[in-house]
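Okay, handing you the structure first.
Chain nomenclature is as follows: A, B, C and D, assigned in order of appearance, with residue numbering initiated at 1 for each chain independently.
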Amino acid sequence: MKRRTLVKSALAATALVALQSTAVFAGNPVLKIGFVGVTSGPAAAWGISNQRSMETRAAWINETGGYKIGNTTYDIKIVSFDDQKDPKRSIAGMDKMAQEGIHYVVGPNTDDGAEAVRPVAEANGIMYFPYAFSKSLYTPPASNAVLAMVANYQSGPAIYKYLKEKKGVKTVAFVAANESDPLSQRTSGVAAAKALGLKVVSDNVTYQPDTTDFTPVLTPVIRQRPDLLVLSGVSPAHAPQLIRSARELGYQGLISTETAQDAQVLREGAGDLANGFISVGGASTPELASDAMKEFVKRYTKMFGEYNDESNTKVYALEYILATLAANPKAINDVKEFQKTMDTFEAPNPFMKGNAKLTYVGTTSFTQKRQIAVPLVVNTFENGAFKTLFVATVD
Amino acid sequence: MSALLEVCGVTKKFGGLTAVNDVSFDVGQNEILSVIGPNGAGKSTLFKLISSFLRTTSGEVLYEGKRISDLKPHVVARLGVVRTFQETTIFKSMTVRESVIVAQHLRAKASLAGYFWGTRTARADIAAFGRYADELLEFMGMSAMAEELASNLPQGHLRALGIAIGLATDPKVLLLDEPFAGMNPEETMRTVNLVRSVCDARGVTILLVEHDMPAVMNISDRIVVLNFGEKIAEGTPSEIQNNEKVIEAYLGSADDEVGI
Amino acid sequence: MNGVTSKQLIGFGIFLLAIFVGVPIVIAATGRWDFYFTLTSVALLSIASAGVWLTFYIGRINIGQGAFALIGAYVSAILVAKAGVSFWISLLVAGLFAAVVSVLIGLPILRLRGVYFAMITLVLTQVVTLVALALPITNGAKGITSIPLPGGISLLGLQILPPFDSMADTKLAFYIMASILMVLTYLALWRLVNSRLGHICRSMQQNEELASSIGVNIAYIRIIIFAISSFFGGIGGALFGSISQSVYPSSFQVTDSVNFMLNCFLGGLGYVFGPMLGTLTLYFGWDLLFTLGKYQLLVYSVLLILVIRFLPNGLLSLRLGKLGKGGGK
Amino acid sequence: MEQVLANGIYLGAQYAMIALGLTLIFALMNVLNFAHGQMYVIGGFVTYTIYGQLGLPYIVALLASCVTLAVLGALIERFLFAPVIKGSAREESTMLLAAGIAFLLDALILLIFGEKQRGVPKIVNGVLNWDFRIIMPYDRILICGLAIFSIVAFIAFMQFSRTGRALRALAQDRTAAQLMGVNVDRYSTIGFALGAMLAGLVGGLLVTITGINLGMGGPTSIKAFMMVMIGGAGVISGAIAGGFILGFMEAIGLAVLSQYGDITYLVIFISLMIFLAIRPQGLMGKPWG
C-alpha cells in the first residue's frame, strides 16, 4: 500500500507541474517567442548558447520597458523546448509552440530536426529560424524556414578565397565527424575549394562523434601536408582536441572551420596550440562590437556566470524577429505578412559598430530571401581571444 | 532381438580428453536399459550424445535403423526419442498443468498460425491437450497439484513433473537423466514403480543413466556399465552384480556414495 | 486460457472508446491540439516497443529495434519519394523488408543470450546508422526529405480514405491511423501471446534446452519471433517517416533502441500491454515536464528512478493481484 | 607502423581502464551499468574543478575524483541497486535503473558543470618525436604509463588483498561466497564503489588530454560495453584484452582504411558482430548457457 501512495503522489505532483500555468508578467502584454533545440545531452552546448542568448536579450528588453511593436509595447517571453537532438521530439516541440500560439520560433539546431518540423511549422503558420544548412529547407516550395546563420557553403568560399589570396594556400584537406551535418558540410566545402582551384589532398577521413583520441584520425591527413586543414562542421568540443593533435603531429599549416567556436574552450583545450585557428564568429571582437553587444555580453555573463562566444551569432535571430515585427505589426499573428516584409525589410544592426544593416538575404543560395544577414565575421584565435581577420557579407 | 535404438561405436572427445570411447550397445523394444558407472565414467556425456544434445566425434546412434546422432535435439524428439532433465530444469513459472500442455507440442495437428487465428483444428487440439494433460497427471498421481507453480513443487515431484513433460510428447523411447538422484528410499521406490508402469502400461522403451545401484538393479531389464568412457560390461542385473570388472571399477573409484 | 471473458471485452471496449472518442473530445475541450502529435508518437513508438517486448518474451534483450525502425523508415521513404509507390503499400513493404533483414541477421546472432545478445543488437543499431550514412540510395548524410503525404485508398472505385494532403487536419488523421495500427498490433500481440506460439515462447524464455527436448524447433521459433518483432519496428519507423516527411540516418539511433527497451521494462515485461503503458509514461512524461525548463531532465530522471525503485517489476505490477500474468487485459 | 603501434597502446590502455570498472560491476552484480560513462565524466569534471579551476596539485585532484566516485558508487549501490535487485522478478530490470541513473547524472552534470567542453592546463609539455616514426606528446606517454600502472595495481589488489579475494569469490559464485562467510552485501557495495572509482580515475587522467564535456558519457558507456563483450563479460583479463583490441583495431583501421574514410567504423562494427556471432562468450568469457 505504501508504495502505491508514493507512486500516486508522484504522479499527482507531475500532473500539477504540467498544469501549472505560465508565469504572468506584470504590466505589458506578453509576446511569446519559441525556442526548439537541444539543451541536454552531448550537443547541449549548441542549444544552450542559443536559449541563453534569447533569454538574456528578453530579460534586457523587459527590464528596459519592453519592445514596441505598432502601438503596443510587449514584454518578451521565451518558451523553450528541449528536443534532445531527436527529430521526433523536435516535432512535438514545434507542436507545443503552435499550442502556445507562438508564430516565431528559433531552432532546431540540426538538419534532421529542422526538416522534420517543416510540415508542422507550415501547417500551423510558424516561421522558424533553424541553425541547419540543408538547402531544401529554404528553397521553394519550403516557405517558413529562415536560416539563422551563415551557411558553410557561403562562408567556406569566402574563407578559402581569402586564404588563397592572402596566405598562399594551394592545397587543402578536409576532416569531418561521421554524422549528417558535418558530412554535408564537408561535401559542400570540398566543392567550394575545388571551384576556387585549390587542390583537395584529402577529403574522406572521418571520425566517430565519440572519438577521444584524434591522433590516429589525423595521422594520414597530416602526412599529405596540406596548406590548410578544414574541420568541417566541427563541434566546439572536438575543435581543441583536433587542433592539439594536429599540432602535436607536427602540422605547420593553417586550420580553419566554418562553425562558431568558443574562445574559452579553445584556450582550455588547446592553449597556445590554437593560435592562428580560423573560425566564423559574430561581432563580439573588440574591433567590431558595438556598445549594445558589449552590454549583451555583460548581461549574459551576469545571468549565467559565463559567456559563450557561440552566442555571438545566436543573438541575431530574436533581434530579427522583433525588428521585422516592429516593421510590420500585422505580422504578429500572420506569417504571410512576415514573409512579405522580409523582402524589403531593413534596420540598423545594433550589435555591430558602423552602419551595418539587418536584412534578409539568401537569393543566391535559395532563390528567395530566407536567410538573416548575419555579418560574416571571420576570426582568428590569438593568445586566448578572437581577433577579426576579415568581414564579408552574404547575398 | 529387434533393436529399437542402437549405439554403434560412439566416441566423444573434448580437446585431448576422450570422454566416451567406442561404446556400443542396443536397446530393445519395450525394454528398460540402464547405463551406470562411477563418477566421471562418461555417463552423462553418453546420455547427451544419444539425445543429440552433443555431437559425436565418431560413431553413430541409430533409431529404428536410421541415424539420429548429430541431428538437432528437436528433430530427434520428433522421431520419438525424448530425454528428461534433472530436477532443476523445468518451466519454473508455469503451473504443472500448463507445463504438460506446452509439452504436447508434437501432438499438435494445427499450425502455429492456425492457433493464432483459432481454426477448428486448433480448437480441437486445445481441447485434446487439456484432456490428455489431465489423464497424464492422473496417471502420474499428480492431479492434486495440477494448478501448482512448478517452482513451488517439492523435489520428488519435480522429477515426476520432468517425466510427465517427457511423456506428454508421446515418446517411443524415453531417456531419463538420473531419475533417482537425491531421493530417499521411499521416493525412489515410488519413482521406480512409476518408471516401470510407464514402460509396461504405455509401452515406452526406457534408457536411463543412473548412479543409484539398488534402484537400477531393481528396475532394469539390462544394464550397461561404463568406466573411463569405455563399456566394461553389459548384461542382466544379476550378471552385472557378479561381474568382476564392475566390482573392481566401483571399488577402485573413490566414490563412496555408491555401494554394491 | 483462450476464451475471452466479458470483463476483458468490456475493458477492451472502454480502451477503444478512450482512444478514438475520449481523446479527441478531451483535446477539443481543452484545446491542447499539441497532444495529438505526442499521442501519435506514443502510438507509433509503442508499435516498435511491442516488437522489443516480444523478443523479451523469448528471453532476449533487444537493443536493436532502432535499426529496424530506421530500415523501415528508409524503405518506405525510398519507395514513396523515389519510386512513387503508394504509402500504404510501402508501409507493408517496410515491415516485410525489416523482417527479412532480421531473418538474415537473426540466423547467426539469435544463438546468443543475455548481455551478449543485447550488445550485438546495440552494435547493429550503429551499423545500420553508418550504412545509411554511406549508401547512395539513402542519400547518405543528406537524408531523404520532402516525402509526400500518404495518398488515399480506393477500392473498386470507391474512396475509402481521402489523400492526406487534401485534409484540413492531418494531425487527427495521423493520430487515428497510428492508433488503429497500434490497436491492431497489440491485438495481434495479445492473441499471439495467448496462442500456442506464445506458450512455446514462454517455455523457451524459461528453458531453451527443455523446450527443444519436447520437440520445439527453438532456432525456428526464435527467427519467427525476431522477424515479427522487426516487422513491428519497420512499421513504426515507416510511420514516423511519413509524419515528419523526412528520414535521416539520425532518425533512429542507439538512444531510440535503448528507449524502446526501457519502455518495455517500465511497463512491465510480464504484461502484454506493458510496452504501451511504458511508452506513454516515458514519452508523454517528458512532454508534460517541459514547463520545468532546465530542470526537466532532472525531475524526469528522479521520477523514473523512484518508479523503478518502488515498482521494480514495472508499472503494471501495481495491478498484479487482479490480472493473470502474461495475459494482460 | 611504429606510430600505429604506439597509438594502439595508448588507446588500448585508456580503453582497458574504462572497461575494467564496468566489467567489475557486471561480474559482481550482473548489472550492465549504463551510467558508467557518466561516472567517467564526473571524474573528469572533478579533476577539472580542482586542478584546472582551483589550481591545486594534479595528484590531489585525481584523488578527489577517485573519492567522489567511490562515495557516489557506494551510495548508488546501497540505496538503489541493492533494493531493486532484491525486489525484481527479472534481473534485467536493473538496466532500467541504470539508464535512469545515467539520465540523472547527465542532468546533474549539466546543472553543476555546465554544457561547455572543459580542459585543464597540460601537466607536462613537449612532444616526443623519434625520427618521425613515433610522434607522441609527453603527457600522453605519462597518462598511458599511469593507466598501465593503475591496471597492474588493480590486478595486484584483486589478486593479493583480502578484499580483492573476497570480491573475486563473490564474482565467481554469490551463494558459495556467502557460505564461505563473505559478507555479500558489504562487498557488493565495496565492489560497486571500486568500479565507479575506476571510472572516476580514468576521467581524471584523460581530462588532461582530451578535456571533458557532458556529452562524453553515453558514447563512453557504449564503447566500454563493446570492449567488455570482446574480452568476455565479467572477466577482468577479458576487459583488458578487449580494451587493447579495440584500441588497436581503431589505430590500425584508421591507418589502413583511411582512404575509404567513412567505412572504418562500419568495418570495425561489422567485424565485431561477426566475431561475437562466432564466439559469443568473447575471448575469455565463460560460455553463456
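As a convention for this text, a residue touches a chain if its C-beta (ideal position, glycine included) is under 8 Å from a C-beta of that chain, and two chains touch if they have at least 3 such contacts.
Note that the structure is predicted; figures quoted are calculated from it, not measured.
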item	value
Chain groups still in contact once chain A is set aside, others held in place	one piece
Most centrally placed chain, judged by C-alpha centres	C
Greatest separation from chain A - chain, by CA centre	B
Between chain D and chain C, distance of the C-alpha-averaged centres to the nearest whole Å	33
Chain centre separation in whole Å, for chain B relative to chain A (CA means)	71
Touching two or more other chains - residues of chain C	130, 133, 255, 294, 297
Numbers and ranges of chain D residues touching at least 2 other chains	106-107, 110, 218, 222, 262, 265
Multi-chain contact residues (two or more partners), chain A	39-40, 178, 183
Chains grouped in pairs wherever the two touch, ordered by label	A-C, A-D, B-C, C-D
Chain A-touching residues of chain C, taken from the complex the two chains share	31-34, 36-38, 41, 45, 130, 133, 140-143, 145-146, 149, 170-171, 240, 243-246, 248-251, 255-256, 285-294, 296-297, 299, 303, 306-307, 310-311, 318
Chain C residues within the chain B interface of the complex	2, 191-192, 195-197, 199-200, 202-203, 206-207, 209-210, 212-219, 224, 325
Complex interface listing, chain C residues touching chain D	61, 108-109, 111-116, 118-120, 122-124, 126-127, 130-131, 133-134, 208, 254-255, 258, 261-262, 265-266, 269-270, 294-295, 297-298, 300-302, 304-305, 308-309, 312-314
Complex contact set, residues of chain D against chain C	26, 32, 34, 80, 83-84, 87-90, 92-93, 95-97, 99-101, 103-104, 106-108, 110-111, 218, 222, 225-226, 229, 233, 262-263, 265-266, 269-270, 272-274, 276-278, 280-282, 288-289
Complex contact set, residues of chain B against chain C	51, 53, 72-75, 77-78, 82-85, 89-94, 98, 101-103, 105-106, 108, 110, 112, 115-116, 118, 122, 125-126, 165-166, 168-169
